[in-house]
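These are the structures in question, set out in turn.
Here chain A shows up in two complexes: once beside chain B, once beside chain C.
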Partner chain A sequence: MIEDKSICVPGEVLAIGMDTLPGAGTYREGEKIIANRLGLAVIDGRTIKLVPLSGRYIPKTGDTIICKVIDVGFNGWRLDTNSAYSAMMSMKDATSEFIARGANLTQYYDLGDFIVCKIVNVTSQKLIDVTMKGPGLRKLDGGRIIEVDPNKVPRIIGKQGSMVVMIKDATNCNIVVGQNGLIWIYGEPMNELLAIQAIRKIEKESHMSGLTEKIKEFLEKNRKK
Partner chain B sequence: MYRELRSHIISLLNAGIRLDGRKLTDYRKPIELEYGVVKTAEGSARVRIGDTDVMVGIKLDVGEPYPDTPDEGTIIVGAELLPLSNPEFELGPPGIQAIELARVVDRGIRESKALDFKKLCITPKEKIWMVIIDICPINDAGNLLDASSLAAIAALKDAKYPSFDGEKIDYKQKTDKKLQLEKTPIAVTVIKISDKFIVDPDVEEERVIDARLTVSSIEDGTLCAMQKGGDFPLTIDEISKMIDIGIEKGKELRKYL
Partner chain C sequence: MAYKERLNGRKFDEMRPIEAKVGVVKRADGSAMFKIGNTWAYAAVYGPRNLHPKFLQDPQKGILRCSYNMMPFSSSGERVRPGGSRRSKEISLVTEKALLPVLNLDEYPNSVVDVFIELPQTEAGSRCAGICAASMALADAGLEMKDLVCAVSVGKVADKLLVDLDYSEESYPDVPVADVPIAIMPNSGKVTLLQMDGEIKKDELMKLLEMGKKAIASIYEIQKNALKEKYHEVEV
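Up next is the complex of A and B:
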């Protein structure tokens, strides 16, 4: 068995023997457990899982994501999830308002609009169902969208949202972070830029320790200018 | 499609700032220019403006002149927009964008008389040099037009004739004789969004343009070519303003050559 927290490449044998179980990002082949992707191996009791260091977003039930409307159908919307699979939002999940038969659905969400939504179900075929019913789920008006590495999203949010709250307080911006790596930012032009710079810095230095302190310093230094 | 993005960009422009924090008529930094990046080409150059990255190669070939210009050489400009550089590009025959790119670069060089076509003639009516300019974007992060024009003129500056014995060209042996550049046309694309003029758009800004005007000028500020794009018309006043910006920015870009 390999050491805890070591970096693995696809195809690397992580452990031999039936005592250990393959977790996310790994698979079993005979006696061996093999890595599926590039990442940090984490040994948790009997299971080995990989925390990915790179790669696209993979949809997961319960994730709050930012999506772009790419098609308006007769009974719902098709959304781009910034992953290999597109999501479907049906009319009943879209709004609590009453939608009359044959209504023009573009008055709710039009082509190219960005929305915050939650994944309710992902089938084995990666068909994604999302909903807009829940706190904080809405259409995003104004502001701008930036794209970050989805694997760095937990670092951008921080423990209990500490990092993103810090950026929000320092820049007075509205920020919504989607699990799929899209981030919506809305505020004063210069503050927006500062927030983006801070997020890019987190993305670049996500592996360092004491990151929160560093970002705090960065924000304070640049805010005065 | 990009209503939200457009209104956001316009509100930023009204505050005198762009999406990435630049001023309205600032180029992205750094602008880098490298000569001789392709060994098999007679001349080559690579230009980076911000994240945009373009390579241009020059091939020299001997051919027959056109019947109406028996004592003049010629240039052929081709652009291939590789899917590698932008997910929206697809393989296959060149589309409108690729053809426009090639033509804008071609016209800048041709109409400014940057190359004296008479000097490309070997024997009138029989043999001339053909200068083949190939544009190859490595990464399209906006403003391919300006980057390609700059790279093309830099590659021409770098180009040397291969040895030619009157019958065959030996591409393995380069001579010291350089392709003579008379002038250096620089193309600057000026963008109109709402009532504001900007240069060097990034990908997001390119999506929401009203109109664009590519202005090619030479050293002394003489205009040599223009290309209008975008869906909206331009008034005479707007065009002269855009030309002024284009010529001024062209002087700035020329320093990198």
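Up next is the complex of A and C:
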């Protein structure tokens, strides 16, 4: 059996024997449990799973993501989700306002607008339905968008959002983190830059322990200037 | 001119020095470099991403697209004309076929994974170096793969069987030369690429495959270490 928290490459044998069970990112071949992708092996009781360390965003139901409007049709909008697939938002999911029949949809969301939305459904063919009905789902005006590795989003958010709240407080910026790796930052330009620096630092050092403390220090040091 | 020992002083089953690195192209989703002697391959993987034109899309699974390209200044002889050639088209195709058996793209219907293999300098064995680099890059891109792919060329010069032919051996004058590039999935030992230039006897081919398998075991270690090195720091 392989050590907990070790990096595994595809094809690597993680464990031999029927006592252990293959979890996500692994498969069984005879007695062996084999890695299915590059990842961090996590042993949880009797199961071994692989936590991905790289890769594009894969849309999942329930994710809150930041999307760009790429097309406007008769009954809705097509959105770029920063994955291989685009999402569709229908008129009735777009806003609580009444939209008259035949209305010009660009007055709600125009091409190039960024919006925060939530994935309602993903089909087997990766057709994505999103909605904007819900708390915090809205159009993003002003500010700037940066792109990060979607696998590092949990670290950027932190436990119960601790990390992102800390950056928000320190920089006085409004920040929305999309599960798909897009982050919207809005505030004073210098503060926006500081927030971006902090996020890049998290992305680069996401593996370190005591990261929250480090980022806190970094923010305090750079804010004084 | 009898062929008794290798011109470069290597043993018959010795490969050229190998160097591998992962994450060399920053903007790509996955990338890797694989150098074997003077043959250098860089591979960059993009995707899974949207595939156009639409008629190429497969609703069952994602498709893999490989492109093999020798840079104009890469060969030791004449300038390689830029752009695709009959040769590069073939090698792109066999690379794709060599990599597909390990990849699982069922989760990405209608999309494409693009692999670009660039060779800034070559001295024989370039398709093998390209496949080695591409398989590391695909793993780096976080795609679902059941194994890596390792490739090496084996062959025969005069009556000697050898591993990893370089250009001087591949083009050895006045004696029969056979060049057999192979790609193998190292854990299962399955062969995903087997080509041959020249003539060879069956028992010699079997012997060569055994020699190739040994070489591939050491290539696999190098690939594995290169991949782990990039993510090494993640280990807490």
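In this section, the second predicted complex is superposed on the first by the 208 of 225 C-alpha atoms of A that agree within 3 Å, B and C clash if a C-alpha of one lies under 4 Å from a C-alpha of the other, contacts with A are read in each partner's own complex, and residues count from 1 in each chain.
By our rule, contacts are C-beta pairs under 8 Å (C-beta built on N, C-alpha and C of every residue); 3 or more make two chains touch, one makes a residue touch a chain.
Nothing here was measured: the structure is a model prediction, and the numbers come from that model.
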Which superposed partner A:144 touches (first chain B, second chain C, both, neither): first
Touched partner set for A:99, first chain B, second chain C, both or neither: neither
First, second, both or neither for A:37, with chain B first and chain C second: second
Touching partner for A:2 - first (chain B), second (chain C), both, neither: neither
Larger contact residue set on chain A - chain B or chain C: C
Touching partner for A:113 - first (chain B), second (chain C), both, neither: first
Which superposed partner A:58 touches (first chain B, second chain C, both, neither): second
Intersection of chain A interface sets (partners chain B, chain C): none
Contacting residues of chain B [partner chain A, same complex]: 1-5, 7-8, 12, 15, 17, 19-21
Sites on chain C touched by chain A in the complex: 29-30, 47-50, 59, 62, 102, 104, 107-111, 139-148, 185-187, 223-224, 227-228, 231-236
Contacting residues of chain A [partner chain C, same complex]: 5-7, 9-13, 25, 27, 34, 36-38, 40, 52-56, 58, 83-86, 124-126, 151, 206-209
Of all residues in chain A, those that touch chain B in their complex: 110-114, 140-144, 189-190, 193
